[in-house]
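Here chain A shows up in two complexes: once beside chain B, once beside chain C.
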Partner chain A sequence: MDNNTSSFTDLEIDTFQELMNIVFGNAAADLSEVIDIYVVLSVPQLKMIKAAELPEFIQNNIKEDIVYNTIIEQNFLGNFNGFALVVFPRDNESKFITLFRENKDMFYECDATGELEKEILMEVGNILIGACVGKMAELLNDSVIYEPPRIIVEDIQDSGVYQKLHDPKNWALVLKSTFHFEAQDLTCFLFLVTNNESIGWLKKALNDYLRQFE
Partner chain B sequence: MIKKILIVDDSRAARIGLRSWLLKDREYEIREAGNGKEALEQFNEFKPDLTFLDLTMPVMDGFEALEKIKQINPNAIVLVLTADIQKRTIERVSGLGAFKVLKKPPVKDVIHEALSEVRKYLEEDNLK
Partner chain C sequence: MIFSEIFNVLNIGLVVLDKDFKVTYWNRWMELSSGIDKADITGSSIFNYYPDLRTPKFLRSFKSVLKFGNFVFFSQKLHRYLFPFKPVGHLGLEFENMQQSCIMGALRDENNIIQYIFITIQDVTANVAYENRLCEMTITDGLTGIYNRRFLETRLKEEFDKNKRNYKPLSLIMFDIDFFKNVNDAYGHRCGDFVLKSVSAIAFSAMREVDVLARYGGEEFSCLLPNTNINGAMVVAERMRRSVMEHKIDFKDYSVSITISLGVAEADKETSSPGELIEKADKALYKAKRSGRNKTVAVDQQL
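Presenting the complex of A and B:
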């Protein structure tokens, strides 16, 4: 963890990581239902950084220019408030599409315009964000409302996401999970960008969650 | 009779929570392990009556740990407590000899119900 997570105690971080483990378990179960294959879960890695540092983080960790990755963005509203970004590194994006095509009859009829491929990535992103944010809110006794997801395949700098990231009050919770499918390993990143108020709520909610065991 | 319980989970929060609930139920001797490798060391030394085992862990996952625990003691009672709720995971650990698979997050009543099942099983086993 970075120094800037010092406002969280080790136990709070561990609790959040455990909740993410539960959340990714749910996401994997949902994904395996949709594409009818088995997902081998890995231990999710959690990191908290300033939102403004996110583009650089993505660039350094995904080893691709952020411009060339496909990103699904979805806003969520609740006590835990912000927006989620699912980033598919370039190679993995085509692997996800192939997997869906192999497993979903409906996609055999796909058009050649690439629109349906975007739909597939939107669906994977939507499942991950819904499972992650929704389940996390449920575990912490909150509920969230989602705005429709949107896909960013063009230059992210023109998309408006950068402006939101540069708000100094915003934090990014970086959750990296590799989904090992039987045939191949696919990696995608999930980023939850949130503000100071939501971080305060999150801290309190984590402690309330721990209190149930007392 | 359950006297000794081993809790295996990489999450300290999960171990604290489960330990706290178990000790409210009755007095147990409880030990903890943070991954499958540590679990095997503890299992050999501590010889628990019951093991709670997480699956997704670093160093050695719960699948491998369960397989090895069953090689050490085929009668070992292992309750798998996991977030991985895919059908095939449940089938796999059941095939490896898990007594029961419980879904995370743990629910107090479900944990106590599972303990009652283990007690009943052990009592019936003693009568044979």
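Presenting the complex of A and C:
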């Protein structure tokens, strides 16, 4: 984690990193079972950044021309509160759609081209986000409510993502991980972003977690 | 008591399943919409009553909610409905089944362990009906009822991309009504509108189901012919020209004879964009006009 996380102690940082390793390990195993595809989740990288720097951080971390990617966004509400982004690299989108599409998926004539594909990507994003946020909430004894996922099609710089954090001067805790669907050689990126209020709760939850081992 | 009453007066369906897909709760809305009594279905597997629910997607979602405690959103756009209920009200007449937006989520016990799955079912048929109407308005020409230019250009781009990917032939006909200004001047604009509607209907009846006919602007029309080479497109275009010529258009006391001129082009290897294909067909149309009208001309045809 970055050095500017002055509000976290070293022990808290280590604990959180350890917890995330457990969470993402469990999520990968359960995801593989749920979707019947072997999934590898990279060790999550944690970073505290200013909310205003978030779009640039995300753009730099996916190393793709973001204009041409589909990004799924989903808000989650709880003590652990924030939003998640799943970024599908352009080249992988059609493979994901083929993997999750069912023959009976049909659209009305009037539906715009690509709507079906967007819906399928939202469904995939929903499962991936649910797996990680759900496991994290479970481990930290939180109960989370999810809003429906939606697609951000514009350039992330203009998407207003960081405005969700109320004040761009606020700190945001960002977790980045990569899903790799091994047999299909598919990759997508996950970012979990939590706001200032959650950071206070998170510190308390981490300390409660540590107390179990005292 | 109060809570179960709330669930029974809600205008949404609520179903609770246990981990073995057995129904443990079925609210009043579900009883009324399905015609299945709560007492009958409780304790039975949901698949006994709704076998079509057993899809890979439903099972995957169920497993996901049990594992992660997340929500799964069954959007109307993708799923149409989960439970095949009859639509309610006159807006539902265009649908065989009620259109639904459903959410699946987890219910935990006091130890935070997931024990049950809930599904909420919201009737969105009226919204979809309105949405479809709005959508139709955005792709249809208000006067003639055929597609508008925007829709044609969208479809042309899609078909052009397919043509480049799969090397399947693609042709375009541009046509307009000969001396249309004279019709307006002699018989008035209402008659002109009637002629536009009639020509659209005649041209439409001369087309195949896969073709896309649109009003391109004023008295100009365009017809997109997927999987059709220039020879096939010439046959369709000639059929249109003859049909229009042979029809007398009767408006009030007048009987108006109308002819059309048509230009035909195929997207060959040299055609680099949809716009270029339109230009080629337009050029052919101009040739047809210049050579005396009431003619079908292919882009490279020597006159």
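Everything below uses one rule, namely that the second predicted complex is superposed on the first by the 158 of 214 C-alpha atoms of A that agree within 3 Å, B and C clash if a C-alpha of one lies under 4 Å from a C-alpha of the other, contacts with A are read in each partner's own complex, and residues count from 1 in each chain.
Note that a residue touches a chain if its C-beta (ideal position, glycine included) is under 8 Å from a C-beta of that chain, and two chains touch if they have at least 3 such contacts.
Remember, it's a predicted structure, so these values are computed and weren't measured experimentally.
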- request: In the overlay, answer first, second, both or neither for which of chain B and chain C A:I49 touches.
  value: neither
Query: So, does A:L116 touch the first partner chain B, the second partner chain C, both, or neither?
result: second
- prompt: Who touches more of chain A, chain B or chain C?
  reply: C
Query: Where does A:P148 make contact in the superposed view: on chain B (first), on chain C (second), on both, or on neither?
result: second
Message: Just to be sure I read the superposition right, which of the two partners does A:F213 touch: chain B = first, chain C = second, or both, or neither?
response: first
Message: Tell me the contact category for A:D14 with respect to chain B and chain C: first, second, both or neither.
response: first
- request: Return first, second, both or neither, reflecting whether A:I127 touches chain B, chain C, both chains, or no partner chain.
  value: second
Message: So chain A touches chain B in one structure and chain C in the other; where do those two contact lists coincide?
response: none
Message: Give the list of chain C residues in touch with chain A in this complex.
response: 55-57, 60, 63-64, 67-73, 75, 77-78, 108, 112, 132, 135-136, 139, 154, 158
Query: Which residues, counting only chain B, touch chain A once they are in their complex?
result: 10-14, 16-18, 20-21, 55-58, 82-89, 104-105
- prompt: Given the complex with chain B, which residues does chain A contribute to the contact?
  reply: 10-11, 14-15, 17-19, 21-26, 28-29, 32, 38-39, 41-43, 139, 210, 212-214
Field: Interfacial residue positions of chain A with respect to chain C in the complex
entry: 27, 30, 33-35, 102, 104-105, 107-108, 110-111, 113, 115-116, 119-120, 122-123, 126-127, 129-131, 133-135, 137-138, 141, 143-146, 148-149
